[in-house]
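Sharing a structure, written as C-alpha cells. Questions coming.
Going by the order they are written in, the chains are A, B, C and D; count residues from 1 in each one.
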C-alpha cells in the first residue's frame, strides 16, 4: 500500500502514518519526491485498508498496490480451473452450452425443452424454479415442485441441471434434489450470507455478475465462496447496466478477456439476459465464444411466445439448433470446439 | 398498455395481438396511423407485460402506460405516510436525523456515540452489528453481541435504533432484540425473499436504494414489502454508481424530488455513504434537506480515525454538532425544522 | 406520438392537447381507458416533440412512436449501404481492416507502418495528424505536415487513408490533401457545425460514437451528415463509458446487432480504443467480427513501446499479422471473409 | 509517478524502466516489497504518462501521483477566483443568478424575459442564439439576429449576457456583439480547438461539464482555456448521464463539494438541464446553493408552454420570482446571500 502525503505534511504526520503501518506488522519505506512524500507499506498489505489512512492528518490519499483477491487470482494459481459437472467439463478446451427455459412451467414444457436442447447438443440444462421478479405480483416460479420437474426432465435426457438459489433457507432442499450446479443470480452477487453458505457445500456454483458490479467486486464475491472451501466456481457475465436504452444490458465482452487474465476460474456468458431479445442471441453468442468464453448459458423454450417469463428472449428449439451449428464454426475458428458429449441424450444415473 | 405494430403488420397479426389481450380479460382499442397501427389494451394493464407481446409476429414493441407499483404510489394514496418510531415521526413536517457509527465495536465506543449524538440532537441511532463487506477477510460485524450493545447504549440515551438485516434467518433475533427500525441495505434491495419476510413483521423498514437501481425498481422493491402487509416503509437514497471516480457514489438529489411526487413514503438521505468522505457530508446533508429529504442517516463516531470500518466517512461528534446547527438553518429556509425532540437523552422505556 | 393524460384531466385539458396537435396539421385519435385517457397524433409525428405537450395542464407524459431518424433508418432504405473507398468496399460481404498508428510521428515510422499493415492484409490505413488530447500539454499531432506524411506513406503501399478532422476550419486542407475518409472522433460526435460541413462534401465519413452517446443520438448525428447530402457514412463503435475501472471502455457488441437492424449504414468497430490495452485487441476484434461488424479500425505501430501516444494499445506488426490470420477464420465461421484485396501493396494512383 | 512491476520482473526489466524515467530528466527511487517492486519517478511527473511504461516488459501498471491540472488547481492557487462580469461578481460571497430563455425567439419574448428576470433579481441574462439540437430538423436558433435581440433586451434591463458559442468561426461575431460571457456547451467540452480559441480572448467563459465527463477531464478542459491565457473561467455542472430514466440527468451535487476543494474557479449549477422538468428546478436550485454553488443558471420564459425549445423545463416569471425568495433564505442558511445588485434593471452602458 502507498500513502501519498499532502504537500504540506510535516514530520509528525509522517511519523503517525509510519507508526500505524508498523502497528499492523508491516515495514515502512519512505520516498520524498519534489512535490509529495510517499510512504510505502512493505509486507502483506491485505491487512491494511485506505480508509485506515485517508482520515489521518496530512494524508492526501492512499491506495492498494495488490489486488484484494487471492484464492481466485491467477497470480496465485496459474493453471485454469476446470469444473467437472458429471462429466461435462467447463473451463477446458471445449466450449460447453447450457440451455433451457427461463422458468420451469409444466411437465410437457420441460420434457420438450430437455429433449430439444439435448438433441441440439447442449450438455447441461438450465431452468428456474425460484424466480427473482421485479414485481411481487409476477409469477414467482413453481418452487420445489419446479425443482422436481426440472431434475426429472433433464435426467431423462442425460443433462445435469443448473438452477438459481435465492434463499439461503432453501439450500438443503437443493442438495436433496441433487441440483448439479447452483446459480447465484445477479441480484444476489453480494448477498454475502448466501455466498458463505454455498461456500460450504460440495456443489459447483455459477456466480452471475451483479448488474453494476465491477470485476473486482465480482472476484471478491467469488472469493467469499472460495474462502468457505468450495473452489468449483464459475463466473457468468450477463450484461451490465449503462445509460443505453436501446437494449437491456450491454454484454461486457471486454470482461471475458480481463477475467481470463485475472482469474483461473471458468468464464460463462449469458447472451439471453444481456440483450434481452431473442434476435440478438446469435450475434452475442458468437461474440462471446470468439472472445474466449468457456461456456454459454442460453434460454431456449419449446414455444417462446407462450413462455411465462422472459418470453422475449428465449430461442425456439430450431433456432437454438441453428445457433449450435454456428457456434461449432466460431469455436473452431478460435481453436476450440463445442462439446456435444458422447453420453448426450442418454438418461443420467440417479 | 400499447402495442406498436410493425409497418408491414397484416390483419392476422393484429388479430393475434387482439386475441391475446382479450384472453387476459382486457378490452382492445385499435388506432391506425399513417405509419403504424397501435393497439391499446383497455383495463387493468398490470396483468400484461411487454414480453407477452414483443415476440409475436408483426409486433414492433409494446409499453406500459401505467406505473407498475400501486401500494406505494402517491397516485393511489395521496397523503404522505408518516412513520412513527417511538415518537420520532419521519415524513412529517420536521426533519429527523439518525446518527451513529458504521459498526458497533465496543461498549465504551457505543456509549460515547450514543451520548454524543443524543446531545447533538439526533433522535434515532444507527449502528451496524452485521456488516456487508466486499471482502470475506474484513471485519464482518460483532453480530448478536453487537445488537445488544447497540440497543443498550441507545436506550440509555432515549434513542430508538436502526440496524441492518442481511440474513433472513436473523429476523427473529432482530425482533427479540426489539430493533426499532430494520434497515435493508443497498446490496439486498432486490433480495426478494428478505423483502417478503420483512413485509410480514410489524417493524418499520428503511429500504436503501440499490447501487444502480432505477427509481422504478426501488419502488417495486418497496411494493414487495407493502404487499406483505408492512406499510411502514422509508426509502433511503445513498448515492448511485456512475462513471465518476473522484468520489464514491453520486448523491442523487433529483431522486428526492421525483420520489416526493411518485410515492407517499418518507425519503431519507444517507450523505455518508454517498460521497464516502467525511468532509463532503456537511455539503451533501444541507443539499438533501434543501431538496426536500425527510430525514438524514449520518455516520458519527467518537473517534473516526480509529473506526473499524468506513473510518474515512464518519463525522466526529463535534463536527456532527456543528452540522446540526447548520441543518436547523437550512430546514428553516425551506419551511421545516429539525426535530430535536423533547424526550431526547432520556432513557427509553424497555 | 401518444399523449398520456393525468387521471384527473378534464375535457378542457384534453381539448387543448387536441388543438395543439391539429395546429401542426396532424389528426387526433382519442382512447379513453379505465385509468388514463390517451391522445394519439396521427400523421407525421416528426413535427411534434414531447416537450410541446408535457408542460400543458393535465398531461402526464408524451412519447414518440416513431424513431426520429429517417435518412439513415433501415425502415426507409432496406438495402445495406456499401461505401466504396477507392475500391475497398465497406458494408459488403467481405470484412475490411483499417490499420495504422495512433498518431503520425516520422517519415520512417509511417513507411514502416504502411508497409507492415499492407503486407499483413489491411486495405486502408489510419493515422492521426490532429490529435484530441485530454491535456493541453500533451503532443497535439503533427498537423498538416502529418497529413502529407500519412498520405505519402499510405499511397506508396496502395492504401487509402482515414484521418480525424477536429476543426471545421481544416476541412479544405483535408480536401486538398485528398483524405480518403474523414473520421469524426468520439468527442465531436455532437459537434453539429462540424457534422453539417462534412455533410456537404463528397468524401466518406467515419462517425465514431460519443463516449456516452445512445444509439439513437448517434444515428441522429449521422442524420445531420446525411441531411447535408453526404450519404457515405460509416458508424464506428469504440467502447462506451461505464462504471467499470478494470479497463478503459466497454466495447458495446450489442450495438453491432442493434445497428444492423436499425440502419443501413456499415458498422465499424475500433477494438483498440475500447479496451485500451494491446493484449485485449485480438479477443475484441474476433468478437466484433463474430457479432457482425463490417470493418475493424486497429492501431498498429512499428514499435509500440516508442509510440508518441496510446503506446499501450497499439499492436506490433507481427501481432497484427497473426490477428489477421485469426480474423480470416472467424469471418469464415460467420459466412464472410476478410478482404485482402488484389491491389494491396501496389501504389495508388494520385 | 509510480510504476508497479510484475511479481516476476527481472533486473533488466527494472533497469529499462529506470532508464526511461531518467531519459525524461527525472530521478528514480526503487522500493522492493515482499510481493512487488515499485519504481518511483521523482521530479515533474507531468512529463510522463502511464502509457509510456505500461507496455514495457515486466510492468504491471503505472499511475500518476499528482493531478494533471496545474493552472486551475487550488493546490497552486489557493485563493478563490472571482470573475467580475460588468460588476456582477461570480465566485465571491454572494450567489449570482443567471436567468433567461433557452432560446432567443422574438423581440417581445426577449423583452418580457429580460424585464421579468431583472425584476425578480437576476443580475445576468442567458439566451441561446445558436442551439445544439440532437435533430438536424429541429429549430437551430435565430443565429446572429438572435445575438442582437438578446443583447438589446438584456442591456435595456441592465443585464450582461451569457450565450453559447458552438462554432469557432463565430467567435469574432461574438466579440463584435459584445457577448459578456461565452458559454461552452456540454457537447463541446472537449472540442479542443474551440477551447484553445476562447483561451485567447478576453471574455469570461462558462465551461459546462460534458454529459459523462469526469471531474478530472473537465478540469483539464478548463486547463486548455487557462493555458491560452484566459483565466476568467467558470465551471457549470448541468447533470450527468446515468442509467436512470425517471429524469434526464442526475445533478451531481457531490461535484460541487469536490470542485470547491480541487479548484479555485467558481462553480455554477444549471438545475434546468439537469432534471429536464420545470417542477424539479426549485428543489435542485435550493440543493445546489445549500451545497455551495456560486451561481445558478436557470431557464425562465415569459410563456413556457409556448417556448420553441425545452418548453418543459422553463420556469414562468412568477415561478422564478418565488424561487428567488426561497434562494435568499437558503443562501442565508449557509452564510451567503443572493446578489440582487443595486444597478439591476438600469440600462447597461453600451
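Methods note: a contact is a pair of C-beta atoms (placed from the backbone, for glycine too) under 8 Å apart; a residue touches a chain by one contact, two chains touch by 3 or more.
No experiment lies behind these values; they were computed from the predicted model shown.
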Furthest chain, CA centroid comparison against subunit C: B
Geometric centre distance via CA averages, subunit D-subunit B, whole Å: 32
Distance from subunit D to subunit C - Cα centre to Cα centre, in angstrom: 27
Geometric centre distance via CA averages, subunit C-subunit B, whole Å: 40
Residues of subunit D whose C-beta touches two or more other chains: 212, 241-243, 245
Category of the chain touch graph - line, ring, star, complete, other: complete
Residues of subunit A that touch subunit C when the two form their complex: 212, 214-216, 239-240, 242-247, 250-258, 261-262, 274-275, 279-280, 283-284, 286-292, 326, 329-330, 332-334
Complex contact set, residues of subunit B against subunit A: 46, 49-52, 54-56, 68, 132-138, 140, 166-169, 187-188, 190-193, 195-196, 211-212, 217, 220, 223-224, 227, 241, 277-278, 304-305, 309-313
In the complex with subunit A, residue positions of subunit D that touch it: 2, 4, 7, 29, 31, 33-36, 38, 40, 42-44, 63, 65-66, 75, 212, 241-243, 245
